[in-house]
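Chain IDs A, B, C and D follow the sequence of writing; residue 1 opens each chain.
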Amino acid sequence: MKFLSDNAARVHPRVWDAMKAADEPDSPYDGDGLSKALDARFSALFGRDCAALWVATGTAANCLALSAMVEPHGAVICHREAHIEMDEGGAPGFYLHGAKLLLADGESAKITPEAIARVIDPIRDGVHQVHPHAVSITQASEYGCVYRPEELAALSAFVKGKGLGLHMDGARFGNAVAFLGGSAADAALGVDALSFGMVKNGAMSAEAIVFFDPAMADKVRFRRKRAGHLQSKGRYLAAQILAMLEQDLWLDNARAANAAASEIAAAARSRLLHPVEANEIFLASTAAERAALRTQGFEFYDWGDDAARLVTAWDAREEHVAALARAIAGL
Amino acid sequence: MKFLSDNAARVHPRVWDAMKAADEPDSPYDGDGLSKALDARFSALFGRDCAALWVATGTAANCLALSAMVEPHGAVICHREAHIEMDEGGAPGFYLHGAKLLLADGESAKITPEAIARVIDPIRDGVHQVHPHAVSITQASEYGCVYRPEELAALSAFVKGKGLGLHMDGARFGNAVAFLGGSAADAALGVDALSFGMVKNGAMSAEAIVFFDPAMADKVRFRRKRAGHLQSKGRYLAAQILAMLEQDLWLDNARAANAAASEIAAAARSRLLHPVEANEIFLASTAAERAALRTQGFEFYDWGDDAARLVTAWDAREEHVAALARAIAGL
Amino acid sequence: MKFLSDNAARVHPRVWDAMKAADEPDSPYDGDGLSKALDARFSALFGRDCAALWVATGTAANCLALSAMVEPHGAVICHREAHIEMDEGGAPGFYLHGAKLLLADGESAKITPEAIARVIDPIRDGVHQVHPHAVSITQASEYGCVYRPEELAALSAFVKGKGLGLHMDGARFGNAVAFLGGSAADAALGVDALSFGMVKNGAMSAEAIVFFDPAMADKVRFRRKRAGHLQSKGRYLAAQILAMLEQDLWLDNARAANAAASEIAAAARSRLLHPVEANEIFLASTAAERAALRTQGFEFYDWGDDAARLVTAWDAREEHVAALARAIAGL
Amino acid sequence: MKFLSDNAARVHPRVWDAMKAADEPDSPYDGDGLSKALDARFSALFGRDCAALWVATGTAANCLALSAMVEPHGAVICHREAHIEMDEGGAPGFYLHGAKLLLADGESAKITPEAIARVIDPIRDGVHQVHPHAVSITQASEYGCVYRPEELAALSAFVKGKGLGLHMDGARFGNAVAFLGGSAADAALGVDALSFGMVKNGAMSAEAIVFFDPAMADKVRFRRKRAGHLQSKGRYLAAQILAMLEQDLWLDNARAANAAASEIAAAARSRLLHPVEANEIFLASTAAERAALRTQGFEFYDWGDDAARLVTAWDAREEHVAALARAIAGL
């Protein structure tokens, strides 16, 4: 019973169907009809003009989005535990040509205007220190916590006031939207570019970069090709994304994953290290307790010495979820 | 009737089947069983120890392979019309951190030891000019022509004698092997790293980088992640590659494409600008002749003012091929 | 008797004096009074607002200037024999983060709008090929030839019309101005940034980058520091530049070098491969003739098999120049 | 009375003399006799084979040295307050093509094997996190503290055991050697490459990169040119370095600066935030106290709200030093 990650879950049947339906040859790269439909589809979802590009991975999505905002001599402010800092193999350094990541602190891997100010304020004027060009936040955060619209409004106002760009890593954006009640626009309020995650949520190999400033997309089109991320059979990626958006499959899948996490969290109330708002549970536990869970057939990652990380995916099986909830309650 | 390119062709049914069969969750990234099977599978094919990595595009394959051989202050020698120079949006400059491409000439986009020498010899000793670290050749070439094993032996000996690495862009490697009679090892003789193309030949989104020096693969694993090319559901890419290798599907597909090209070429003998050895036909033709072909429903690219480029794919329909042959004969 | 290059000539006594006069400690980096005086001094010289930065080398000057105009996914158009292409050890690839150089042809290493068009026109729309962001020209050219103001006006209009930046490598800018009659503004007409060479013309280790668009300078200040080119005792570099500008020392020195070249050229009329407009002479000559000159004590470089390159510096000694002229006449 | 920094001090008269003596033209770049003499001169000083390159700045020295040890996908471990992290405008990101700096803690800006282990140990195996390729330490440290030979031996053994390179930023290497008693070899024990600072210690614009592994120097020669740091009149830089080494001028100058700092420190015993081992004094002080010192004519930097940083240079005037000591004692 796998609670290791949502990043290796199955591909949703409707995504399979959409890929198959795209098999008929069309123009290569992003010249096909499906790829061309993305802008309008995301514009409808967000209620404003968007330009959207597909790429194969969240790392590429994050770094390409940031490359539209950050010059090589600049920096990105992000949380100390952000994926771009901790888990992307130095990709920001590559895509941003040596720009730095400046690390902010914050509860549950969320950052606030105050946390950003604590990074910016000590930077001396002039050229001896690197200055930020953008801020990157993660929705939901590395600890599965969700920025509320009013938090985003305050963050965005602060970030714009400093003349910086604002990027959102939405590897689990669907889970955040599901938690907030369903408005994609609210969950990305004030953001310039969003990495809209699909792979953890039912797709196979397609993420969307959504730009709310079309000029950024025009630059990133060149950067995507230059990074070897412009696939020639791009229609299969576009098909995945469109299938995810069709009839809110992305939202249904995210709700299913969130519900599974909630069920587990309800059984683990006193052990939760972070509020369970999306599909991740950080569970205070001894090594012996974790061994006991594993003996019962549950797979998950240790999180340091005193905790476990459990992730539910869109395809979590109800009997596995219930079994895990019981097992945790019985510890 | 599309003869535009092989890069947007269908996905082969056996590749679809293999992807579906991979749907059950396994370890993410390249920790799954399918990804782990690649080294042995390619080692068997080439009759020597190989390490193989999947990536989504030929551009990524080429540039990552070269990144194992070329330092940022170095250069790659390639043909003036090589894909890495002409069609990859500057990706080599990105992946090689500013290393240069030094351009060689040669018939039908093939290069020889003499052509390489004409690039190297004028380079002055010392640090004022950039020195090559590797040579990249394309099999089959940009004009669909194939390096014979003895040509590769001579090239490789020359390149090694200069202390350089040797990379092969095999976007149409299958077509070259099919032409040569079926030995993958012969078609990649003396090469350090091969971009083994699958997408043009029946796969959806998976190319293989095959390293004949495992130390190169160890470095490129880091570079692949850093470039955002390590997909979390890597098992679907590995599945495509394994399906292509299973029972020589790659070779059958390439033979089908080559046969279609040969049939067309036979009808166009006096108009061929290059020998038709793989699946591309460069057809001397006037604008009026090309318009006539298009009127009959054939799609293809102009190649300058006086020629057309026609490409056959693995799924070329016999009646389309025959019709095109007739139409060309009738010009 | 050295006619190898002007790049190792003596430091002019007035430059020495200025450096000594700067010995009293002042603010480090470019916070000292001398560094701060550069903008006004160059603005006066060019008759318009300029921002000027010192750096130690022409390579740094060229590449930093270009870094204000060219994004990593772009390119620079320059002459096939430009210093940035042939002699800077790949520095443009480093400073521009992998951007390409696109090579134009032209008589005497000068380029024209037509030559630029021949580079641009075949570039396909879209992201598969690299597009230029700037043009770089050399004044005086690699063959010692000078762009006339009307040529610059035409070039600049064309380049601006394409939306590109225009950079001038002025390693021998003084020699060009001297040839044209003394107006710095005329010799840099229509240019966005100028590498104003001082080292070949009497300074020790200071070149100026002159920006006619101050926003470019603001960005390059960061890039200069990031490249390790912001010296802490910057006052000694500023002192050199100010001394060169004082009472037109730069122009007097350039005139002296040009006059020496003219005297030699007059003796070599029938052998000149390029017009002698600055301080370089390209002399058609056999190996035996060059050996004869060397036997008489003259040092210079071969230029291929059939020519010699002779360069005169600001401190060329009259008796050496006269002797060389006689020797050439006597061949 | 300036105690702001040693980085804007005068040029020593013997350095001036050496530069003047180098005025006669010689081969350009580093082909002159003086530049060629550096290897032997440093080999004699360190009692082992060295290869030494001049550059104009400490930032270039540090980053070029590191570029011989660190690949773009790697990282450098350094102290959280190291100059390369805090004061070089992102130059490591540029020179190392996006490699990261990983920050270690430690008293007085020195690091220990344990501190390095605390950085390395949490890094997960595999490609998702960046792995270090080198460690950089600063001698004397940012707080003017000196690594003892036995500390260096332990550090070096640890670093080598991890398969990493070891770089020493010796911007104030002379001050460290002076403190330790005069052996350059002891002060750089176990190091692969040393940035040997000259500019803060009496030179104008020349630092030395000393490689104890000649293969590193061979690579860095290309990188230096590529970074625009190969000056054409290199003989003036070599002359500065040779003058500094002649009759141990570097050591005498460092001793003078250290003695001045010691005199001040003796008057400030109870206020010292760090041991005064080189030429920097970090003085606990209130804003009012600092204002009082400034009223008396002393110039220096605040160090946060509760301290001052005072730096003595080789040319500190005895009466100024004595006056400062008295003033501090009288606070």
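In this text, contacts are C-beta pairs under 8 Å (C-beta built on N, C-alpha and C of every residue); 3 or more make two chains touch, one makes a residue touch a chain.
Because the structure is a prediction, the values reported are computed rather than measured.
K.L.:
Quick one: which of A-D, C-D or A-C reuses the A-B interface, over half of the residue-numbered contact pairs in common?
P.N.:
C-D
K.L.:
Among all other chains, pick the one whose mean CA position is farthest from the mean CA position of chain C.
P.N.:
So the farthest one, by centre of C-alpha atoms, is A.
K.L.:
State, to the nearest whole Å, the distance from the C-alpha centre of chain B to the C-alpha centre of chain D.
P.N.:
Using C-alpha averages as centres, the distance is 50 Å.
K.L.:
Whole-Å distance, chain B centre to chain C centre, using C-alpha means?
P.N.:
That pair's centroid distance is 43 Å.
K.L.:
Which residues belonging to chain C are in contact with no fewer than two other chains?
P.N.:
72-73, 88-90, 93-94, 97, 127-128, 222, 225-226, 230
K.L.:
What part of chain A is in contact with chain C in the complex they form?
P.N.:
Interface residues on chain A, with respect to chain C: 71-73, 97-98, 127-128, 131, 219, 221-226, 230.
K.L.:
Would you tell me which residues of chain C are touching chain D in their complex?
P.N.:
Against chain D, the touching part of chain C is residues 2, 4-5, 7-11, 16, 19-20, 23-28, 32, 55-61, 63-64, 88-91, 93-95, 199-200, 204-205, 222, 225-233, 235-237.
K.L.:
Would you mind writing out the residues of chain D in touch with chain A in their complex?
P.N.:
72-73, 75, 86-90, 92-94, 96-100, 127-130
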